[in-house]
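One chain, chain A, appears in both complexes that follow, with chain B as partner in the first and chain C in the second.
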Partner chain A sequence: MRYRYFPGCTLKGQAKNMENTTMAAASALGIELVELEEWQCCGAVYPLYEDELISLLSPVRTLAAAEGEPLVSLCAACHHVLKRAQELMQRNEEARDKVTDYLEIEYKGEGRVLHFLEVLRDDLGFDKLAEMIKKPLEGKKVAAYYGCLLLRPSKVMQFDDPENPTIMEDFIKALGAEVVKSPYRTECCGAYLSVTEEGVARDTVAKILQSARNAGAEALITACPLCRYNLENCAADDGKEPVQVYYFSELLAEALGLQYKQLMAEAKERRRVASDSK
Partner chain B sequence: MPRTGVFLCHCGSNIAGTVNIDQTIEASRNFPGVVHVDEYRYLCSEMGQDIIKKAIEDNNLDRVVVGTCSPRMHENTFRKAAAEAGLNPYLLEVANIREHCSWVHKDMEEGTPKAIALLRAAAAKVALNEALEAPKLEVEKRALVIGGGIAGIQAALDIAEAGYPVDIVEREPSIGGRMAQLEKTFPTLDCSACILTPKMVEAAQHPNINLITYAEVEEVNGFVGQFDVKIKQKARYVDPVKCTGCGICWEKCPAKAPSEFEMGLAKRKSIYVPFAQAVPMVPVIDKETCLYFRKGRCQICEKECPPQAIDYEQQDEIIERRYGAIVVATGFDQMDPSIYGEYGYGQHPDILTGLEFERLFNASGPTGGKVVRLSDGKPPKKVVFIQCVGSRDKARGMNYCSKICCMFTAKQAILLKEKLPDAKSYVFYIDVRTAGKGYEEFQRRAAEEYDVAYLRGQVGKIFPEGDHLVVHGVDSLSGKVVDIKADMVVLSAASIARADAPELGRKIGINTDSYNFFNEAHPKLKPVETHTAGIFIAGACQTPKDIPDTVAQASAAAVKAVGLLSKEMLQGEACTAEVDEAECSGCLHCVAVCPYTAIDAKEIEERYGDGTLKRTVAEVNPALCQGCGSCSAICRSGSINQKGFSNEQILAEVDAICLQR
Partner chain C sequence: MTASNEGSRLIDEMKAQSGQDPADCYQCAKCSAACPVTAAMDLLPHQVIRYLQMGLEEELSNSKTPWICASCFTCAARCPRDLDLARMMEGVRLTVLRKREGNKFGPADLTPEQLEKLPQQALVSGFRKYNK
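Let's look at the complex of A and B:
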């Protein structure tokens, strides 16, 4: 199974751990992720206006660079922008002509654009994944946190039912862990309000973490660097044992028996740095 | 040369506003065969018709063209006027210069030449028209009602009372329909069973009504006055003549299945009647769950039945019967709200639909009439009702308002407070819509006297937390997000058409709208008729409606059916197809395309040289032909002509439009 891989900026910095663990897991699973050469920004935020085409130049160049091969990303925000840019290129001929004329490339919206979780679900299959797990996370109570970017707008993202998604729960099950269903798993994490209105983000994060803890979760997985940032940095210390936040790929690597200690040490260090900076 | 008269209608300014009448008159004078032209402000009025009649007599006209609205509106009016003046009504043509012309063009520059072209075509066609006679058809004096809910029962009773025999075909083992499932009815809170069961019994005992329960319509052929219907009587495995309805069989039966009548909230036996007041009180055996049918042993019902009415050998039977009129009253279903992931329906026993919640109030329902949580059997303290689940939702549900939910929710909230005075109800709504006699007052009573809190807003999420269901929504009037710790949640799921309504529609020859509800012939003026003569609709199979509207519509449909059955003879279609046997090659493509099975093959003998030759040709049965024109269009040799629309007439129209531009 060969895929083109688009990392995006965060995966080389703040979310380095998501890339490391995914790469290790992918090779253990026989999934080849070939990083695009000279890749650039995904566009960061999908434009709110359909005629704001300038923001689409970068993602469309990325899409075309995959040369029709399936394009995989890990960061929920990157995947969101790429998937939506592709859908616009397929649907709106006028926008497509303008963008591709400007870029002087040929692109008609071809190729699959996938999040790595979709590769695991649709191409590898969670049943197959479960068979390949070496160290099942038995007894570990894990809740999924989806956020918004992977799910909505659901008709474009085609990721899962936006109100009642199951992909991450099925993933957790495949790792051998115990699934905890947390009611706030699709609520907003506060997004960029953690920068401008931190109080709002603190309230939303508190709800998400409390509801996960009340449901009995020890750990929470996410596929979004921003969600993780907020969940860790906007969490209030109420003296109780905090719910640990992981990238989905960290638990995947752990369940596959890969460099477990090293990965965990890195994660711990990162959390220490984060809490020092608060 | 014909003597044709052309008459133009202004239709107030409907036509005259976009068509220059004076210019059109001048142009019409020059059409071949036209000897008289006149105009009037409203040609369909009595004065207007008199102008036509007088002109026919004074000018000795033998052809008439009227330039008016669509022939669907007034063709019959003008044909009648022509007939009164002694002219064969089929020698009159309508040029539709309103719907096809003045209403779709902006100004006289576009409208006038178009009107002239349409009139020229009509004048060219009418010159070739022939006098036609509509055949007379017999009427079978018996009606069929499909569906035995309150709509079907009411329609059947009214038809029967008028003196005509009527059969009710009901799919379920008992008549009664949705109304039988209800505990109370709004806005008077009378007990549903108390007002319905007398009607069910009356229908069963009426000498003119024949109940065919546990049966479905298989096939409908024929036409108004003479519908030939095949009805499949499903095997009950119980002899209805011997059965006394004593109930021993279903008491002793060891196998169980979810009860359809209880919306799956309770079990019934494999041999069962759907509910205690079932009519007829004759059980059926559900083959899927019956131990004898599944595993070949048990037969307890057979051993225990005192009159020995059990008959495992019974087979499905086809009943064939002719009817003069059909009333379709097949009712509605409730949408499955599980597509709304945020409400969690189906994932928690205390999240119910309105119809499921209704059953909890009923003394013979799944909880014996106790309103309790199905999870732990405790009475609820807080119940949240959510409106418009699937209704008024363009994105994921139906665009329409289901009409009954605001009222049944107010009813259930009142009933809840009366049963459990400590319970508190909350209603999330988009708008409260309670138009109807006594309805608004009823809903206000719920809000003001029964402590029901109405919250204008929507719910984003329902999730279990401990013993409760947290309803996370917004009260848009205060602008606040609210979390209600509820004990039960009731979803007002949309009322939707029966899933198999389009299939039934195809069988009987009536069409459905984009939601699969049956279409009426005219939304205002023909609310119970369909586009197929002799077939009428009543109740929620047309669109969601409450009991008063359903009963009113059922009586209306019955009157229409009775009006039809009371006629000695019906006038048939005059514009039927006819085959020129000399030209017909016998390919029989026409047989395949005829929607009315009006064409058959026939053998004819022809002289050929010295001997004779047998060959096949097509033959049209004029009694069945509805004049649709399909055969004439597909005929390769042009040997089928439709009277009134012959190939020559159509080509004359085309020439008149194309050649003289």
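Let's look at the complex of A and C:
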């Protein structure tokens, strides 16, 4: 199984861990993720007015660079932007002509645009994944936190049922962990409000964490670096044992028995050697 | 207060650029019930639409609500009229930002500690939402 891979800026920075663990897991699962040779930040937010064409240049260039092969990303925000930009290119001919003329490329909205969780569900299959698990996370009580960007708007994202999704729970089950369902799993974490209105994000995060804890979760998984940041940094310290927040891929690597901490140290060492020899 | 919908550039642009017509809203307020951040808003989401229906552009430009909206798309997921309120909020933000003097937020507003810890995604999306 071969895919083109769009990392996005956060996965080369604060969310390096999501990339490292996914790469290690993918190779153990026989999934080849080939990073695009040249890429730029997707812009992080999809332009909601259709004349904001400048914001589409980068995602459309990325979509075209996949050359018709399925394009995979890991960050919920990147996937959201790419998927919606693709839908606009399919639907709005005028916007498409302007953007592709400017970029001097041919692109008509073709190719599959996938989040890595969709690859696991639809292409590999969770049954198959469960068979490949080496160290099932037995007894670990894990809640899914979907957030917004993977699910909504569901007509475009087509990721799962926006009100009652199951993909992350099925993923947790495949890892051998115990699924905990919390009612706030599809609520917004406050997104970039943590930058400008931190108090608002503290309120949303408190509800999400409380709801997960009340449901009995000891850990929570996300596919979004900003969700993770908010859940960790806007959480109130109430003296109780905090709910641990993980990228979905960290638990995946653990359940596959991969020594990803060691892998990460090795990757860091390689980067150090590479930059020393420049 | 200027309560006239006629010739409102905001509304005309909104219809063209977001495909949303505020007139389609029947004010059931399901969007406001769904919104996770109403506590910090001065107008509830359905009231923003009511103001749009009435053409109260200036009042909307001075409201906090569009800047509190996190574009989480929950309102749109629940609206029985299939309206995308997140796009309309964006329209109100853009009318302010496109005047060019209205930038709400820049790098100078960040503390060194925030710059150290925030994921790149937060910075890019924050600048995109609050700046032109």
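What we mean here is this: the second predicted complex is superposed on the first by the 259 of 278 C-alpha atoms of A that agree within 3 Å, B and C clash if a C-alpha of one lies under 4 Å from a C-alpha of the other, contacts with A are read in each partner's own complex, and residues count from 1 in each chain.
The rule is simple: a contact is a pair of C-beta atoms (placed from the backbone, for glycine too) under 8 Å apart; a residue touches a chain by one contact, two chains touch by 3 or more.
Because the structure is predicted, anything quoted here is derived from the model rather than measured.
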item: Touched partner set for A:Asn214, first chain B, second chain C, both or neither; value: first
item: Contact breadth on chain A, by residue count: chain C or chain B; value: C
item: Touching partner for A:Pro183 - first (chain B), second (chain C), both, neither; value: first
item: Touched partner set for A:Asn164, first chain B, second chain C, both or neither; value: first
item: Which superposed partner A:Gln259 touches (first chain B, second chain C, both, neither); value: neither
item: First (chain B), second (chain C), both or neither touched by A:Pro153; value: second
item: On chain A, the residue positions that both chain B and chain C contact, one per complex; value: 162-163, 187
item: Interface residues, chain B side, partner chain A - complex; value: 340-342, 344, 461, 463-465, 470, 472
item: Chain C - residues contacting chain A, complex; value: 17-19, 36-37, 39-40, 67-68, 70-74, 76-77, 84, 86-87, 90-91, 94, 104-105, 109-110, 114, 117-126, 128-130
item: For the chain A and chain B complex, residues of the former touching the latter; value: 161-165, 183, 187, 211, 214
item: In the complex, chain A residues that touch chain C; value: 8-10, 13-15, 41, 43-45, 47-52, 55, 75, 77, 148, 151-154, 162-163, 187-188, 190-197, 199-200, 203-204, 207, 224-226, 228-229, 233
